[in-house]
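After this come two complexes, each holding chain A, first together with chain B and then together with chain C.
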Partner chain A sequence: MRRPLSFLIPLLALAAAALLPLVSGPYPLAVARSVLTYMALAISWDMLLRSGQISFGIAGFFGLGAYAAALSVLRGGMSPILSILFAGVFAGAVALILGLVILRLRAVYFSITTLALAEIFRVIIQNWSDFTGGPEGLVLPKLIFNGESKSLYWLVLAAVVIACAASTMFEKSRIRLALSAIRNNEQSAAASGIGIFKYLLVAFVVSSFIQGIVGGIQLQGYGFASPDAVFDSNYTLLPLAMALLGGIHGTPGPVIGALLLGIAAEFLKLHIPYGHLVVYGIIIVLVILFMPQGLYGLLRSRRHAVAPVAENRVDAGAWGK
Partner chain B sequence: MLTIRNLECGYGRLPVLRGVSFDVGAESVGLFGPNGAGKTTLISALLGMVRPTAGTLELDGQNLAALSTYQIARAGIALVPQERELFPAMSVADNLELGAAYIPHARDMIDERRESVLGLFPILKERFRQLPGTMSGGQQRMVAIGRALMANPKLLILDEPSLGLQPSIVAEVFEKLAQLKTSMSILVTEQNVRESLKAIDRGYVLENGRVILEDTAEGLLHNPHVISSYLGI
Partner chain C sequence: MAISETSLKDVLLFTFDEINKAGGVLGKQLQLIIVDDEGKGDKGVAAIEKLATVDKVDVLIGGIASGVALAQVPTMKKYQIVTVATGAAASTTVEKALGPSPDSDWYFHLHPWDYNQGQSYADGWDAIQKKYPAIKINRIFLAYEEGAFGKSSFDASKAIFGTRYQFDGASFKSALQGGSDYSAVLEAAKEFKPDLFLWAGYAQDALPLLEQSKAMKFSPPVYLGAPPAWPADMSKSPLAENVMLYGMWAQSINDISAASKKFYDAYVKAVGTAPTSYFAALSYSAVYIVADGIKRAGGTDKAKLIAALEATKYASPLGETITFSPSNIIKHQGIRNQKILQWQNGRQEVIWPFEVQSKPIVYPFPAW
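Our next item is the complex of A and B:
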């Protein structure tokens, strides 16, 4: 029974998400677009997290993607759709080069380095005024789909589908076991024949590629990129919080977390302007303290509760004593 | 065949192994010695986790010293670590699959290897979807040995397999090892010399980073130094 449902629920959710523009007004659609943007970022962040590496560089690769898209259009004359693809490829390529060095780092050293990278990208772009427009940023002469909101929404939904597909591929292929083993015990993983560096690099590049794509789409949606806008720390913190709330190390968790926290954020913004981030913070602290596996993890642990050990030990022989 | 010649290695300026030489052919070999003799360091060197400062390490003529840990595993060496070192968040099924999934010569025969491991340790069939942390020490040791066997290794290394297990389970571990030695080379380090001598063909005694004794299991059982230092008689 579980197998058909595991296909059916995502398909129904996708169908509902795809049909939303046909039944909703402009404001709900804008909120949904924002939620989907963060959802794709949350999924991409979680993909690397499955290896145990915590990146604080989401905003860095998102911003890099936005600028790569802007510059490819303004300086290279690229079409909007191609510029979004270029944004992903550029962010992925930068991740590949930097990953060769920084993926030698572990734990907090890796996390701090990714945080620093995002800031370095921002400083470089802000100071390279001739090419990047400096602090004032870049403005596109024309938006993709002429700024038509429904098409823009579907474009962001496509990015979420790409992120979900990549994430599911990670879960269904040998990468899942490799990343999980690396996270659990790196030395044992290597002794099991896992080329640790290769798998970390794949996860880092794919994750950054998605973040770049989302950055490119964001640029095409707003037609504007400035260092302060696209390297905003919210692009790191919100996806991270969403994944933590929904549940880490899988696709459903970040999706659930983005939906709940994204919608809650809009509600809070209306009722507690400027105070919503405090409530946001409280939610995160409570989740980490009382529900570290997240909502989806909690649901899963209830559904797949391990059979009682005493029951399992029947006929275990000497090994089970 | 594993060939080690004049191996020296250590940690920083601290030498641990001082010119160790020995071979493991199509047989089961024991490596005995007190704490601090260098047994675990030797295994770490074999797995590429500690780099030798001198000497050679070869498996079927392939220089292991030039390889990374994962390449050594793919070359045919599987380890059952001292602390079991299972993947706690992964089920028994995943732990077993992981043993073969990244080893080119074992990857295509995962089902076959799994059947063989479950044949050797039938209790794991009942624990297949369970997390290792919810199992007894003996069962966890079975998963660790099973995971190593999934790789269809040329050489199986067991680092103190009896550590932390009750005597009846230790006897079963060595009984299983005795069954395995017909199909692969085995190197086992142990402090429980009495039990392990029942499962091995030959053995070496390592003290202060040097091999001080080499003999058959029968020879070691009657050796005065082994009797006084390791058998407690």
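Our next item is the complex of A and C:
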């Protein structure tokens, strides 16, 4: 029963998500766009995390993607859709080049380096004023799809589908085994013949590609990029909190986390207008403190705890016959 | 009605309360709906979508950050709800994105654009030098925070002052963005020997900058700050004495303006402290302008309300009567001038315009 359900639930969820614009107004769609943006970033972050490498560079590649898209339109005359693809390719290419060096680092050294990279990208773009518009940023002449809410929503949803597809591919292929082996014991993995550096590079480039794509979509959806806006630390911290809340090392966790935190943030804002950020922060701290494996991890551990009992009952029944 | 900045919620709440207690508008109570944009573009867009489609508001009021306003403009254009904007000074982005009349006629911009501000500073310093011959300004140094606000301040100041004065500047990382060391920018300023030292940053930079200036014995003849707001306890700090500042409202305007006194008393009664930012007086003005417009329009019919707002003549607490007229791009620009103020004995005194001057300037800025 588990295999069909594992396909059916995501398909139903995707169908529901795709049909949402037909039954909801512009406001829920605007909130959903924001939730889906963070969801794609959370999934991409988790993909690299499965190797044990914790990146704090999400905002860096997201911002790089936003600027790549803006510059490709304004300086290169590229079409909006192509500019989004270019944003992903550019972020992936930068990750490939930098990955050759920084993926030799481990643990906190890698994390700090990715954090520094995001800041370096921001400083370069902020100070390269003639080309990037400097601190005031760049403004597009018009939004993609003329800013039409439904189309913008479907565009962000497409990014989530790409992220989910890539993440699922990681889970279903030998990449999962390789990344898990690297995370659990890198020396043993190397001794088993796993090409550690190759797999780390693949995970880093693919996750950065997705972050670049999402940055490009953000740029096309809101029509401007400034260093303060697109390199905002929230683009690192929120996806990270969402993945931790939902559960790490798999696709469902970040999806659940993004949905819950994204919707909770808006709900709290409407119902506690004068203190919503405080309550939101407390929720994140409590969940991470008391549910370190995340909600999906908690559900799975409960299911595993219940499953053997059920099996025993069946076995007992069989013996009885 | 709606506002999209929680920092201004208190003033909006008591202003609506004040109007409603006085009988409301056209016999009806005004309803305020507040949505926080969290200073982020995507949240700001969602806020406009909610206010336009769920709450179906008649008028939008509020906004401070240009970055948020820029993200909101396409959505605001889609609904074209009558808007009285209290912030967003970046003309090269926000005003350009709004575009010319008639497509932006629903937008009433109260706060001066950056070029309005720059011009009013130039006019002010010309007038001050003319009135006080002892004050000679030849060299100006601008220390600006490295973000969009600081850079646009530098660009606008350089365009206006750069041709007439020896002008230089350097950026610093604001305390708001995690910075804390101003020694490099202060060293550069000290070496330049400015007659007027100006810094453009945020409230969080004010006291650390002054502390470090004191430590470095940097005391230019004019020490001037231009943050959007000052720390709440700035008036109690001895470091503030004789520091000059740009702003639109000061407590000292109470001495010459009944409207200012009324606003101030209501604010202190409702909030418990004195306003720390001129945005409070600006937001208070915005609500009264809208209420008055609805009264004269006989309701919230969009065309009639726009026509009524165009005819606004509001004696504001800012010490001036607010009217709307075309700016470089849009049709409805309200205030164009900032004031030049100075901290004296824990109070912001108006130095210029002279018609609302509350105290003469203390010059030069005393050595530490």
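By definition in this document, the second predicted complex is superposed on the first by the 298 of 321 C-alpha atoms of A that agree within 3 Å, B and C clash if a C-alpha of one lies under 4 Å from a C-alpha of the other, contacts with A are read in each partner's own complex, and residues count from 1 in each chain.
The criterion applied here is as follows: a residue touches a chain if its C-beta (ideal position, glycine included) is under 8 Å from a C-beta of that chain, and two chains touch if they have at least 3 such contacts.
All values derive from a computational prediction rather than experimental measurement.
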Figure out whether A:Ser192 sits in contact with chain B (first) or chain C (second), or with both, or with neither. first
Name the contact category of A:Leu177: first (chain B only), second (chain C only), both, or neither. first
Check whether A:Gln126 is in contact with chain B, with chain C, with both or with neither, and answer first, second, both or neither. second
Please indicate which partner A:Val23 is in contact with in the superposed arrangement: first for chain B, second for chain C, both, or neither. neither
Where on chain B does chain A make contact in their complex? 47, 49, 68-70, 73-74, 78-79, 81, 85-90, 94, 97-99, 101-103, 121, 123, 126-127, 130-131, 134-136, 138-139, 142, 147, 151, 166, 168-169, 172
Please give the residue numbers of chain A that touch chain C in the complex, ascending. 25-27, 29-31, 33-34, 37, 126, 129, 134-137, 139, 143, 147, 149, 218, 222-224, 226-229, 232, 234, 266, 269-270, 273-274, 276-277
If you look only at chain A, which of its residues touch chain B in the complex? 174, 177-178, 180-181, 183-185, 187-196, 306-307, 309, 312-313, 315-321
The chain C residues in contact with chain A across the complex are 6, 9, 34-36, 38, 40-43, 45-46, 49-50, 52-54, 67, 70-71, 74-75, 78, 90, 92-93, 96-97, 146-148, 150-152, 155
